[in-house]
Structures are given as C-alpha cells and as structure tokens.
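The two complexes that follow have chain A in common; it is paired with chain B in the first and with chain C in the second.
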Partner chain A sequence: MAAAAIYSLFIINKSGGLIYYKEYGSAGRMDTNDSLRVASLWHSMHAISQQLSPTVGCSGIELLEADAFDLHCFQSLTGTKFFVVCEPGTLHMDALLKVIYELYTDYVLKNPFYEMEMPIRCELFDLNLSQAVQKDRVALLGR
Partner chain B sequence: MGRCIRLVLLALVSACLSSRRSQSRTSFSSDNRSADLISAQLTGTKLDLQSRPMSRVVGPRSGDAIFASVERVNAELFTLTYGAIVRQLLTDLEEVDEVNKQLDQMGYNIGIRLIDEFLAKSNVTRCVDFRETAEVIAKVGFKMFLGVTASVTNWDADGTCCSIVLEDNPLVDFVELPDTCQGLYYCNILSGVIRGALEMVSMKTEVTWLRDMLRGDDIFELQVKLLKQVPEEYPYKDDE
Partner chain C sequence: MIGVGKMKQYSNVLDKPLNKGKQEVSLSAFAFLFSELVQYNQTQVDNIAELERRLEDAGYAVGARVLELLCHREKGNRKETRLLGILSFVHSTVWKVLFGKVADSLEKGTEHEDEYMISEKELLVNRFISIPKDMGTFNCGAFVAGIVRGVLDSAGFPAVVTAHFVPMEGQQRPRTTILIKFAEEVLRREARLGG
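Coming up: the complex of A and B.
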C-alpha cells in the first residue's frame, strides 16, 4: 500500500549520527553518503536554530517548508531526533512522528540485541513502521 | 489472581544479557550470537503480534490512564521472574555486595532504555525543576510500570534531595530475606532504573535505599539526590 505522501524518514541519535533512514517512493532518492550528510546537516542546523531563536527555551526547528517538500522534525527529551520529508501540505505529520517514537521505544529499545546509539536493524520495527506510514493509517491520525 | 502489572520482562532480560555478557564476552562465538539474534526475533514476533491502536493524544496523561491502556502481565509471573533473577545472581556471584552492584547495573541498563518509552507514552513535557521530576516519577512512572503509586517526602531546603516512599511493592510479594542475605538490597534494580532514566534526561543522581520492608521497616523509602544537572551539549564554547 502506498505511503502517505512521505518521501523519507530519518532518525538521528543524540550525537548527530544517522541511525535509521528509509525512503518511500522514488522522489528525492539519495545515496548513503547523501543521507548521512543530510542527517548531520540537519542536526547542526537544529542546534543553531535553538541558539538563534528569539523565543526563550526554544527546542529547535519543528517544521521547514520549501517549495518542493515539507520537513517535520520531532526531538525527544533524550535527544533523539525523528524527521520526515513529505509532500508540501501533508497533514498529521506531528502525530505520525509521535507514533514512530512509540514504535522506536517498543521495537528498537526493547530489543535486547539493539545497542544504544547504533544503527537500527530491527525487522519488527521495519514491519510496524511500514504499517504506520500507510496512507489510510495516517489519515486516521487526524481524528 | 491478584493484581496485574506491566511487564518489563523483556527489558529485564535485556539487562541481564548485556550485563552478563560483559563478564563473559570471550565465551560467545559469533555463531552463537547470530543464533541468539534469530531466536530473539522469533520470540519477539510472538510477543508483539497485537496491533497498535492509533490514537491522537493531547497533553500529559495520568499514570492510571497509561496503565489502563498498555499491555500488562500477571503480577505473580513478574514477581517470580524477578525472584529467579536475584536468586541466580546470588548463586553466580556469591557475595551479597556484588549482587547489589549487579542489580543496580541491570536497573541502570533498563532505565536508559525505559525513559524513552515513558516519555513517548506519558506525553509529559520538560519538568521545570527537580521537585516536579520527583513527583512525575512517583505518580506517573511507578504507576505506569509497576501499577503502584509512590509519594514524595522529606525534601531538603534547596530542593535537590527527597525521598520516594513506596507502601506497596509488587517485587517483594512472597519474599523473606534469609539470615545469609541480610546485606541484600533486594529491590536494588529500582534504584538503578531511576538513576539510568534520569541520566538520559541530563540529571546525575544518586539513589539509595533508606528503608526496606524486607529489613523490618514499615515502608520502602528511596532517597533520590540530585548531584548535578548536566547542561545540554549546546552551545559549545568557541574559545576552548
């Protein structure tokens, strides 16, 4: 089933390393080096935005809107960042990111063989993630 | 059958594996490891078949609400499993002090992973001060994972040290300490969990047991002392 207008998903650990990358569809396809570069760029930009922000206690960029895509970012209090790149104007991405965070806690962190801060290779996570990003599932998040 | 509590079994197993493995790393061949991985995935598939309800949640949730919505496991199974782990540690390590240390380390390993689940499912936001943190641990954290509520007392003047008091503790339901284990902090895993979890949200703490029902006190009392608040990594200092 088609993913809901999402181009790609990134998860970055607290030190800025890319630990998960997944593409949906062919738009904006990247090779491994590019995805690593985007991840560390975003990590630094996020950090800089926190300092530049006029709002006190700003927690960094949550949404970047461009002509060709939107980038929604969610950072957990432990410092792990989740961000999706999607079609401009896609709805419910903040809710989807929360769902992905829950999946991460259930299927990555509870996997005894996953080592913290390392790249994620967990089948169960992949499986549940691909269900969560399905178009009709994401539409339900709006309710 | 009595009450039901939340399973941290997987996490327990995880903690055991990682702590046990560090002691006997050399004895694991690479073949064993991949076999382990496969079996973990198989059991994982069995455990996690239930599909996830998608719900849009706004604002922090109460401990009771989370406790009601997550999967739970029979309390006796949990209590007995924990007992078996402690018993095995006593057999393996022989010294009670070593067991205390090991339990604390296992708790720490659980805590550093468990904190994310806590944050993801409770929707709590950043606490303004340590007082709020302690309240959240006692009211939401304990309820969510153990199904009991704790209370926070004995604050010191500058708000960096307090006691978390547990009147009911499912870990010790059938436990009596024998004479040979008088120095054992049976629930030391809990102090490790709190320490590990708080460390991941940049608070260095020291957690110690002040009172223990297994040692004849009337309640369980955990002292949580904030050593220092590690600032976020940013901003880096340019001139250093």
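Coming up: the complex of A and C.
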C-alpha cells in the first residue's frame, strides 16, 4: 500500500474561515473554492451538531465516517478547528491532530508576523508539518 | 541553640556571594514575550530598517547589563581588555548564560581585519519565527546583535554589529551570523598592546 493515508488537512478559524489547507497525494483533490466551501460547511455542521446532540456539553463532531473517506476533527479551546480527511479506517489520527495543534501553537502563534485569524503563511510551520506527516506515514507503513 | 551558626553570617551585605539565580526560564514564555516585543515595535515604525534599529536598541540595554552582571558573577570583577578575550567571553560565557549553550562558531572575517563573526545554526530568538517574503533579509537576530553590541560597547570595544541570514549548503534553513565590525580605535589599541 503506497497510497497516502491522509488526503488533506484543513485549519479553520473560529468564524469558519479557512486559514490553512494542504493536500497530500492526489486522491480527493479540490480547487480553492471547493476547499473554502468544505471548510465553512464543516464549521456550520459542527456548530449544529453541538446544538442537536442529546448529550449535555457535547463538543461537536469528532469523526465522520463515509464510504470513501474518514474525517477526523479536533477543536481547540479557542475555537480553531483542525481536521484531516483520510483513508477509511486510518488509525491514530487524533494523535496526529494533537501534534499538528502543537505545531500551530509553536510556529504560528509565537510568530510575531502572523496576524490572528488570518491565513497561515509561515515557512517553519510548513516545514515542521510536512515532517510530522511524513513521520506519521512512515509509522503507518511500518505497522 | 538549634539552627544558629549553620549559616555563615556576613556583617556586610557586599561580602555575600551573589546569588546565582534560577538558570532556566520557560522557552514558551520567552517566545511570546519576544513576539510581543517585535509586534509592538512594528507598530511604532514605518520601515524595516527602523524596526531593526529598535530591536537592536532593546538588545543593547540587555547587553550592557549582562556584561556588568557576568563580570561580577563569573569573572571576579575582572573585565576583559583584549580583543580576543572579550570575543571569547561573548561567544562562550554570555551565550551560555543567555541561551544555555556556547555559540556554534566564532570566526575572523576573511576579507577585513576588523570583522569577526559569531554564527549560530538556529538562534534561540528565531526558533519560532518565519520571516514573511516581503520583509526581505530582515532578521530578528538584530536583538541579539544589539546584545553583543551592548556588551562590547560597555567593555570599551565600540563596534557595529549586525545580524544576517546565511544560506547553508545541504540545509533547509539558513543560519544566522552576527557580524561584528570593530571601530578603528579598538584595532589601533590592540596593535599598540601587541601580541
């Protein structure tokens, strides 16, 4: 199995705007408009699910399982959402999302040239993110 | 009486050894503080050269204090008077106290007699900082350059100190070089003192 387990990564700010989007591999490729649409759609769905959920204090959808993909979502305390679209049944995505969140707090939030809630353009974040995803992929192939 | 006589009593407060203090601070706390320092200064200026100068000035004040403190704490109130002495003091003692390690390298400039370079593969202040493309060659290491200038200037070695990114072969990230250009009077004095 040489195909990438992760299809794409999205980061959306607390008002539902897409601030980071990255594709891995060729599966599920999207143009800019589509990715923006997915981001705001997910933001709304997440908010609605929180309201509709029968459990008290529900924090929104964490995993969406479809035929062709899985969508894992992690929401930080400040409302920034990180989600990855990956191959169905891929494991340990929540751990990867935590790692990505950590990279975000380090290389984006501690960067004086980053404006809050704006698209992320930080070289160090890109660099460390691709390393983390690469590492995850290697670990996956080893399993 | 229990407990009495355990601690050595100093009649004069100046005889007490200087407390070494806590040696480590949180890197995150520092990174956020430094980030705010840069952001604040960015609101006060209208060009990059000015921002660089302001960061350097902020560092200068740190350097002047660090020299005073370290001469007292590490060197028994003695101060380096020779060029190479003060350079290795910056490269090892100052760097170790500020960044927890000695600097990666200290070299003499090949083209000019009065130039020295301290290089660092990854400068602590730049650990989390990505410079946007539109800011060109700006380097937040200007703050560290300011510290070096503060130390040298206060020790009687006036110099112009600047920070530069230098691309490295086979490395994704450029390293930061602190370029020190001493004033003429310093070299003349060195020549007079002889080897």
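What to note about this one:
Everything below uses one rule, namely that the second predicted complex is superposed on the first by the 131 of 143 C-alpha atoms of A that agree within 3 Å, B and C clash if a C-alpha of one lies under 4 Å from a C-alpha of the other, contacts with A are read in each partner's own complex, and residues count from 1 in each chain.
Here is the rule we use: contacts are C-beta pairs under 8 Å (C-beta built on N, C-alpha and C of every residue); 3 or more make two chains touch, one makes a residue touch a chain.
Keep in mind that this is a model prediction, so the values were computed, not measured.
In the superposed model, A:Y107 lies in contact with both chain B and chain C. In the superposition on chain A, contact of A:V99 is made with chain B only, not with chain C. When the two complexes are overlaid on their common chain A, residue A:K22 makes contact with neither chain B nor chain C. The wider contact with chain A, measured as residues touched, comes from B rather than the other of chain B and chain C. By the touch criterion stated above, A:F125 is placed in contact with chain C alone, chain B being left untouched.
By the touch criterion stated above, A:Q51 is placed in contact with chain B alone, chain C being left untouched. Comparing the two complexes, residues 106-107, 110-113, 123-124 of chain A contact chain B in one case and chain C in the other.
Contact residues on chain C toward chain A in their complex (touch as defined above): 28, 31-32, 34-39, 42, 128-132, 135, 140, 172-173. Remark: chain A residues 106-107, 110-113, 121-125, 127 touch chain C in the complex. Contact residues of chain A toward chain B in the complex are 14, 47, 50-51, 76-78, 80, 95, 98-99, 101-107, 109-113, 116, 123-124, 128, 131-132, 137, 140-143.
Per the touch definition, chain B reaches chain A in the complex via residues 10-11, 13-14, 17-18, 36-37, 40-41, 44-45, 48, 51-52, 54, 56-57, 112-117, 119-121, 125-126, 200-201, 233-235.
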